[in-house]
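Each of the next two complexes has chain A plus one other chain: chain B in the first, chain C in the second.
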Partner chain A sequence: MLDADFFRRWMTVTAASVNREAERLTALDSPIGDADHGSNLQRGFTAVTATLEKEAPGTPGGILTLAGRQLISTVGGASGPLYGTLLRRTGKALGDAAEVSAEQLAEALRAGVEAVMTLGGAAPGDKTMIDALVPAVDALGDSFAAARTAAEEGAVATTPLQARKGRASYLGERSIGHQDPGATSAALLVAGLAEAAGE
Partner chain B sequence: MKMLINVPETVVADALRGLAAAHPDLTVDVENRVIVRRDAPVAGKVGLVSGGGSGHEPLHGGFVGPGMLSAACPGEVFTSPVPDQMLRAAAAVDSGAGVLFIVKNYTGDVLNFDMAAELAEDEGIQIAKVLVNDDVAVTDSLYTAGRRGTGATLFVEKIAGAAADEGMPLERVEAIARQVNENSRSFGVALSACSTPAKGSPTFDLPPGELELGIGIHGEPGRERRAMMTSGEIAEVAVEAVVEDLRPRNPVLVLVNGMGATPLLELYGFNAEVHRVLAARGVPVARVLVGNYVTSLDMAGASVTLCQVDEELLRLWDAPVKTPGLRWGV
Partner chain C sequence: MSDERLVGIVLVSHSAEVAASVAALAKGLAGGGPAVPVAPAGGTEGGGLGTSAELIAAAAASVDRGAGVAVLTDLGSAVLTVKALLAEGDELPEQTRLVDAPFVEGAVAAVVTAATGADLAAVESAAAEAYTYRKV
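Now for the complex of A and B:
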């Protein structure tokens, strides 16, 4: 079973990897976006860990809901509402339980991803974070490690796609040949889950 | 790239402190990043709130004041503000007559303003929204995020601002804002990429002998790259693209807008070419604005925006305005 400690660890290790990879995310965002994806997420996850250090809720759902609200309040751009909604809706789906099973997390995360798809209007293949998240949720039934691999492969697979959502979509065909920064950061979030589980 | 900054993390806050020092007519909340006209809320008047990424100055903070915006919320550089800022702005300017959110069509701006509208309505503030999407360089279809909002934002903010100052109700101000957007189109070109403070180097690579056609205002590349052209040739491409799409039958307002690093000498020369092409197409010009209004940091280049006006829109355009970035009739 996964307790509040596990979820706090998930947020902390994700914040660390976002810090580590911020420059790479920004570099991916330069040719097709506006070169700020790394610094924006870094600001958001720094706020998340700071808040969790001050007042960590005692339930998995509470931690994700609070983290999501922090991202919405600090990130801005499209990433703030999208990542914020992902965590908030996942947290809400987990409810008040003190511990949740891996299956319950997979189910809640699927609800979170669906909320992101509704909010952003993106579907798989649009060259967005969804292209990493959907395969990750599908693989979560096997293991956290399998979800990490699926997310990373999903992110890499955005390279030949033409963007249909977000700022890269304004480039039309010129967005082809670049890995999507949003899918790349989504893979970091999923990798954080595997790391928190020690996989 | 050398920049007149302290550190990238504080550029927005530093600029807000400077704006406050230069314009005592404005209330600038540096910590929460909200710029409000000093006399807000004005009794019986609809509040106008806009916002978006920083780096487009004077848009939007420079357009706060009598005759234009009631408040603006600047985000990080090229990043939309967060819902907390918009909610704070709406609360500061609402006199009970409601608030109009003026939103440029970028995914981040749309999502954050949508969230803010929900929160504001929970607090009993009546909210209407208008989406600005004037950029003809972007294919508008069900399968894309749609056209970007660029130069027409200035027309919407000025004309809706005058309507609100006249005491028109929220539905009417919203309808006028929509009318302005529907009658406006833009096209932009870049001669150089811009450099964001966070990255410190140009966001894309544009060789000296080439230009980008169909750019937006966030330092993203455009739709097409060509060998460098003359001012006259660029005016032909830009004006043709706008006129083809807008097909104006009435006189137009013309905005010849610099992207931040193009001198007025060049912009006025470009304006002459824009007028030559408009005359050749038989498009009558009502008013003209030339300058850096909707910028993209230090990008060199320009955009052309046309707004087809009727008598009412022209009267509202001519109405007095007193803001840091736009001022006449007062």
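Now for the complex of A and C:
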């Protein structure tokens, strides 16, 4: 079973990997976006860890809901409401249970991903974070490590796609050949899950 | 018509200057516009380009007179942030709507309509109608 400590660890290790990879995320965002994805997410996850240090809710759902709220209010770009909605909806789906099973997390995360798809109007193949998240959720039934691999493969697979959402979509065919920064950061979030689980 | 019941309008742009200028333009072009509560929510809290959920929530609270709040936005993250705030349920005044309208033309139409004491639905449809104005 996964308790509040596990979810705090998930957020903390994700914040650390976002810090580590911020420059790479921004570099990916330079040719097809506005070159702020790394710094925006870094600001958001720094706020998440600072808030969780001050007031740490005692339930998995409470932690994700609070983290999502922080991302919506601090990121400043489109990734804020998108990641914020992902974590909040996942948190709300987990309810106020003190511990949840991996299966419950997989189900809640699927609800979160669906909420992100509704908010942004994106589907798989649009060259967005969805291209990493959907395969990850599908693989979560096997193991956290399988979800990490699926998310990383999903992110790499965005390279030949043409963007149909967000600022990159203005570039049309010129968006082809670049790995999507949002799918790349989504893979970091899923990798954080595997790391928190010790996989 | 009472000032207390006018629909409030929030203008969300990635740029503080754009939001403030469009607010001034809309009020200036609308005869009774000065009475309409209009608040810009532009840029990030640090003064950069982007969208701030805090600035949007504060702007919406400041223009709420109990008759509803119409929110107009410019690009991508402005739209997503307002939608996410609406989904939160308790971040924006009751009867707040994201209006699907062109930013400048919609703002003028919204302020002109709100100045007549029209309700939120009328303000929303006036702003949305601005899409039908073709320039060529």
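In this section, the second predicted complex is superposed on the first by the 199 of 199 C-alpha atoms of A that agree within 3 Å, B and C clash if a C-alpha of one lies under 4 Å from a C-alpha of the other, contacts with A are read in each partner's own complex, and residues count from 1 in each chain.
We adopt the following convention: a contact is a pair of C-beta atoms (placed from the backbone, for glycine too) under 8 Å apart; a residue touches a chain by one contact, two chains touch by 3 or more.
Being a predicted model, the structure only gives us computed values, none of them experimental.
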item: Chain A as common anchor, with chain B and chain C clashing or fitting; value: clash
item: Touching partner for A:Gly76 - first (chain B), second (chain C), both, neither; value: both
item: Touched partner set for A:Lys127, first chain B, second chain C, both or neither; value: neither
item: Chain B versus chain C as contact partner of A:Arg148, first or second or both or neither; value: neither
item: Partner chain(s) touched by A:His178 [first = chain B, second = chain C, both, neither]; value: neither
item: First, second, both or neither for A:Arg9, with chain B first and chain C second; value: neither
item: Clash with chain C, by chain B stretch, listed 187-195, 241-249, 277-285 or 295-303; value: 241-249
item: Chain C-contacting residues of chain A that also contact chain B; value: 36, 40, 72-73, 76-82, 119-120, 166-167
item: Sites on chain A touched by chain B in the complex; value: 26, 30-36, 39-40, 43, 72-82, 119-120, 164-172, 174
item: Chain A residues touching chain C - in the complex, by the definition given at the top; value: 36, 40, 69, 72-73, 76-82, 84-85, 88, 115, 119-120, 166-167
item: Chain A-facing residues of chain C, complex; value: 44, 48, 50-54, 75-77, 80-81, 83-85, 87-88
item: Interfacial residue positions of chain B with respect to chain A in the complex; value: 8, 53, 75-84, 106-108, 111-112, 114-115, 137-139, 143-145, 148, 196, 198-199, 203-204, 216, 218-223
